[in-house]
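Pasting the structures in now, so scroll down.
Next come two complexes built around chain A: one with chain B, the other with chain C.
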Partner chain A sequence: MLDLLPQFLVNGIITGALLAIPTIGFTAIFAVLRFPNFAVASHATVGAFAGLVANVHWGLPAVPSLAFAFLISGVVGLVSDEIALKPLRKHGALTTAIASIALTIVLENIVRFFFGNELRGYDLPLVRDIRFSDIRVNPQQLENLALAVVIMILVFAALKYTRMGKAMRAVADNPGLADLKGIDAILVGRVVAFAGMGLVGIGGMLFGLGTSIDPLTGFRFILPIFAAAVVGGLGSIPGAVLGAMIVGIGEEMSALVLEPAYKSAVGFFAIVIVLTFRPRGLLGERAY
Partner chain B sequence: MTDRITTWRPDRRSVLMGGAALLATPAILRAQGSAIKFGTLTPLTGVGGTYGPSMRDAAVGVFDAVNAAGGLLGGSIDHVSEDTQTNPEAAVRAVRKLIDVDGVSVVLGTWASSITTAVAPLCWENDVMLFCVSGADSITQLPHMGYIARTQPNSVLQIQVAGEFMLRQGSTGMAWIGPQTPFAQSSIDILAGQAEGAGIGMESLIYEADKSTYRSEVDTILRSNPDFIMLGGYAADSTVVLRDIWQSGYEGKIIGPAYAVNPSVLEALPPEVTEGVFTWEGAPAVGSTAYANVQAALGVDVVDPYSAQTYDHANLAVLAAAAAGDASGGAIKDALRSISQGDGMEVSDALAGMDALAGGGSVNYSGASGPCDFDEIGDITGTQFLFNKISGGTPSMFERI
Partner chain C sequence: MLSWLFSVATFAGIYALLALGINVIWGMGGMINLGMAGFFALGAYASALATAAGGLPIPIGLALAAGLAALAGGLLCRLTLRLRGDYLAIVTLGFSELVRLIAANEIWLTNGSDGISGVPGPWRSELTPFQFNMLSFALVATAVIVVWALAERLRRAPWGRALRAIRDDDTAASVAGKPIRRFKVQAFALGAAILGLAGAFYAHYTSYIAPDIFRPLITIYIFLALTAGGTGNTTGAVIGAVAVVLVLEGSRFLEGWTSVLGGVQKAALREIFIGVALIAIMQLRPLGLLPEKSPGPFLERKSR
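Moving on, here comes the complex of A and B:
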């Protein structure tokens, strides 16, 4: 079985990189708006279906379709936050988190209403794996990996060098101080709701590129996304990437010692271990 | 003081007021007590959502036809539909509503084995007859006292038939890969026994459902170099597994249940991924009058096996109630085999059967899914199997046994 270790490691890195994108969105929303938004599940689905419309119905290639997925899931994220979640935030994080679960069910069923329950695939050429010695990798996976890395670089650059990125970090680090400095926390919140859910939508489509999508697509990612964000440290964007890699690689490598039927247990095992020794997650509560 | 609170004796005024209130009650409310209520509990959403809506519509078509022809036992059939969401917890809530609130005497159309297993005890404890399309052997081994009847061949029979097919096709190394389900381990055990009997190898792997990739699982199963792989999952995970197997460069044969490699999977995957894949299913009675009835009711050319079975459930429930002269769950349970098998006149829909029963005759219902004969524990007997081979993204008949 150990002969499969390098292959499992490669599979894990690719899974972890894809998982990092929606996890960044989830944790960014937590950092600024201070509640776990479980509606990431349905926003991943919305992004996957928006990308499907762009790719299959309009014939656009993968990258413009991803941009469209970002736009639509971002707009849905912003509008649904304004209507359903923002009015509840003053009642506390728990109330808002529960409302986000209700929201995700509503959005999932709206997608189902328009697109039905059937599985759908993207219109992309399917190719066999490339083999490097005993390790096989699919060109589509390499492309997805490259896209994930580019998106992560763009997110980090935006946070570090743009005015809005700095404002987001300021609000995340200390909302009171940011307010004193004249930063418009409401505007920052809207930008985060848009960009965070946009990233989640990209994540949904990136996962869908390798498989097929249906209205439950996003629901399948909610547990690993949550696990990755908690392990890395809720609210920390580098933590989101680290947590995603730990969960992604951990799940794939677990096949060496565990029955594959218990794969998801790895993420929760990681949560227990990390929170036992470091309750704030690996990289604490820092936006950047 | 205590007597004044707990003792109530009707006087003339209160009786008159009560009578007046009863007369003022809308007729529809008074009629509720005697209405015949049948429930469908199909997967309208979730992984079974591909089948649930048409399963429900097939049953509704039967109830509508009976109501249009004058109803059943002097009343009309009220149909109540609930959604299992292909989720056992949601299904239990839904069946509680059907039983406690709606007061149905029959629940029909449960699809996934985990759901039938979860709702069955609630049915038999409440005198409700349950018709299902689930395959796990354990279902009819429950202490259900006759309250379960299934029109789907059990998983032992299904896997035996498919395993024999794999051997007939010359397999020299078999593999089974699928998610954790009530029939996963029994499927593996049956295939392992058949492989041992044939003197060939057999590898198996149970994976976790609802993952976006199974590359590592496919890598693991391919280490044994199988030349024939059986899929054991449902449509969503089978799509991912089929794609991952194809991308790995595997050149051997694959077989999957028709509900897992279904039209939506064939639509979602490029044709080269499913080229040469075999599927198998309990064969609907294509060409029968009942099958034509379902085609007409649903407005489709090809009826999926589950809609055909749910159409049969509805007909069986109506005929059993008509034969018993009572639409309670217990009466339908007791009368089921008197109308589903035997020497009576063969009928293919409830209306024809009700006419025959009204004339004092006996009937033997033969439906859209097959002869619909049940053994003593509620398993279907006499089912035929259809093997299809997919070419260019389209299944075509390979073998019927």
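Moving on, here comes the complex of A and C:
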């Protein structure tokens, strides 16, 4: 069993990198809008299906399909936030969180209404696994990994160097002070709702590329996403990446001791362990 | 027809128990439990296994269901006590997924996704289905009345007043010398026990449970029931639950009229409706249709 360790580690790094993308979206929304947005589940599904339409129905390759998934889930994220969640924020984070679950049910069922419950797959060229001595990797997985890394670099660059990125960090860090400086918190909130859910949509499609998708796709990833965000520190974007890596590697490594069906339970135990010993997460709650 | 009415009423009673449980946790305690389905499932499986596989009498199954759910709820609440409520939301949701995973995968114990059938019901073999429905309704209704009376009594008792004070302002309550953490854990465990009890009633009434029955959707049904009825209002919780069951059952009649849509689409439309209704009520009537009665300020303000 131990000779499989390098293989599990590689799988874990790939899973972790893919998980990092939606986790960044979730944690960024938490940092700026101050509530756990459970609608990430349905937005991952929306992104996965938007990518499916672009890829299967229009015949686009993977990268433009991912861009389309980003755009559609971002727009859905922005519009649904404006209509459903924004008016509730004044009643508190928990009320908004409940509404975000209701929103997830609504969006998931809109997808179900049009696409049904069948499993669907993307239209990608089949390629043979590459072997590095004992480790086997699918080129598609490598491509996904590369895409995830590029997206992460773009996100960090945007946060560090653009005016909007700086404004986002300011609002996340200290909304009162940001307001005093004349930063438009409403505009920042809209950009975060769009970009955050866009990233979640990309995440949904990236996961789907490896397997197949149905309306419940997003819900299956909700636990690892939360776990990654909590482990890294809720609201911390570098924490999201770190947490995603830990949960991703943990999930794949769990195959050494657990049945594969319990992979997704790893997230729950990661949350429990971190909350017991380091309640604010590994990197704390500072956004960046 | 009458038998069907009793069956709908029994489900309404089970939903009312769930709403009462969530009302203790969220309405009175201000703590969020998004893993309601997990506690519901835990109670259902505990009682079903104890009676079907363990051969224990049903009342012991009910007690076991309530006790196990209370234990799990107390532990989860204890874990996130020092943190903001958001963490409890995430942990409880994770818990319900874990329960579902265990129910689906520990086949030796739970028979996996095939579920457990043949859960004993009280005198099921000696009664006609109609009599059984009537008896079940009577039992569930009794449970609802007992839990309602207990919750109402607790709400007015010093314990409930302190709990609501903590919900509204925990700093002020702790300055007044209330042990906040103990109150919160107690409230969460008590609410979870009621959820577990509802699960046990469900198992004994339907005689069949499977992991798919305890989907997160049911959590939304109950939050809709509670929000519609008035968060924090014990009577409102029961009325809200009955209203939600009526809407769910009523939509079945509407389904008969439309033949253009497939079954999946009709189910999807119903769930869309439930979600939209919850968000709309939260926005338009944030205190619910029957708001919690507040004693009001000690001295009425003159202005306004």
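Operating definition for what follows: the second predicted complex is superposed on the first by the 288 of 288 C-alpha atoms of A that agree within 3 Å, B and C clash if a C-alpha of one lies under 4 Å from a C-alpha of the other, contacts with A are read in each partner's own complex, and residues count from 1 in each chain.
Methods note: a contact is a pair of C-beta atoms (placed from the backbone, for glycine too) under 8 Å apart; a residue touches a chain by one contact, two chains touch by 3 or more.
Note that the structure is a prediction, hence the values are computed from the model and not measured.
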Worksheet item: chain B versus chain C on the shared chain A, clash or fit?
Response: clash
Worksheet item: After lining up the shared chain so the two structures overlap, which partner does A:R112 touch, if you call chain B first and chain C second: first, second, both or neither?
Response: both
Worksheet item: Given the touch rule stated above, what does A:R136 touch, chain B (first), chain C (second), both, or neither?
Response: first
Worksheet item: Looking at the overlay, does A:I13 come into contact with chain B only (first), chain C only (second), both, or neither?
Response: neither
Discussion item. Applying the document's definition of touch, where does A:F35 land relative to chain B and chain C: first, second, both, or neither?
Written reply: second
Practice prompt. Check the residue A:L71 against both partner chains and state whether it touches chain B (first), chain C (second), both, or neither.
Written response: neither
Worksheet item: Which partner does A:A185 reach: the first (chain B), the second (chain C), both, or neither?
Response: neither
Worksheet item: Given the touch rule stated above, what does A:L60 touch, chain B (first), chain C (second), both, or neither?
Response: neither
Discussion item. Once chain A of both complexes is superposed, is A:D214 in touch with chain B (first), chain C (second), both, or neither?
Written reply: first
Worksheet item: Where does A:A158 make contact in the superposed view: on chain B (first), on chain C (second), on both, or on neither?
Response: neither
Response to the item:
Which of 21-29, 111-119, 147-155 or 183-191 hits chain B? In chain C, it is stretch 111-119
Fill in: Intersection of chain A interface sets (partners chain B, chain C)
109, 112, 117, 219, 259, 261-262, 264
Worksheet item: What residues on chain B touch chain A, complex-wise?
Response: 45-47, 49-50, 179-180, 205-208, 210-213, 215-217, 219-220, 223, 235-236, 239-240, 243, 246-249, 264-265, 267-270, 272-273
Worksheet, complete the sentence: Note: in the complex, chain C contacts chain A through residues 30, 32, 34, 79-80, 82-87, 89-91, 93-95, 97-98, 101, 104-105, 216-217, 219-220, 223-224, 227, 262, 264-265, 267-269, 271-272, 274-276, 278-279, 282-283, 286
Worksheet item: Which residues of chain A touch chain C in the complex?
Response: 30, 35-36, 38, 84, 87-88, 91, 93-95, 97-99, 101-106, 108-110, 112-113, 116-117, 219, 222-223, 226-227, 230, 234, 259, 261-262, 264-265, 267-268, 271-272, 275-276, 279
Practice prompt. Would you pull the chain A residues touching chain B in the complex into a rising list?
Written response: 1, 4, 7-8, 11, 15, 109, 112, 117-121, 126-129, 131, 136, 138, 207, 210-212, 214-216, 219-221, 252, 255, 259-264
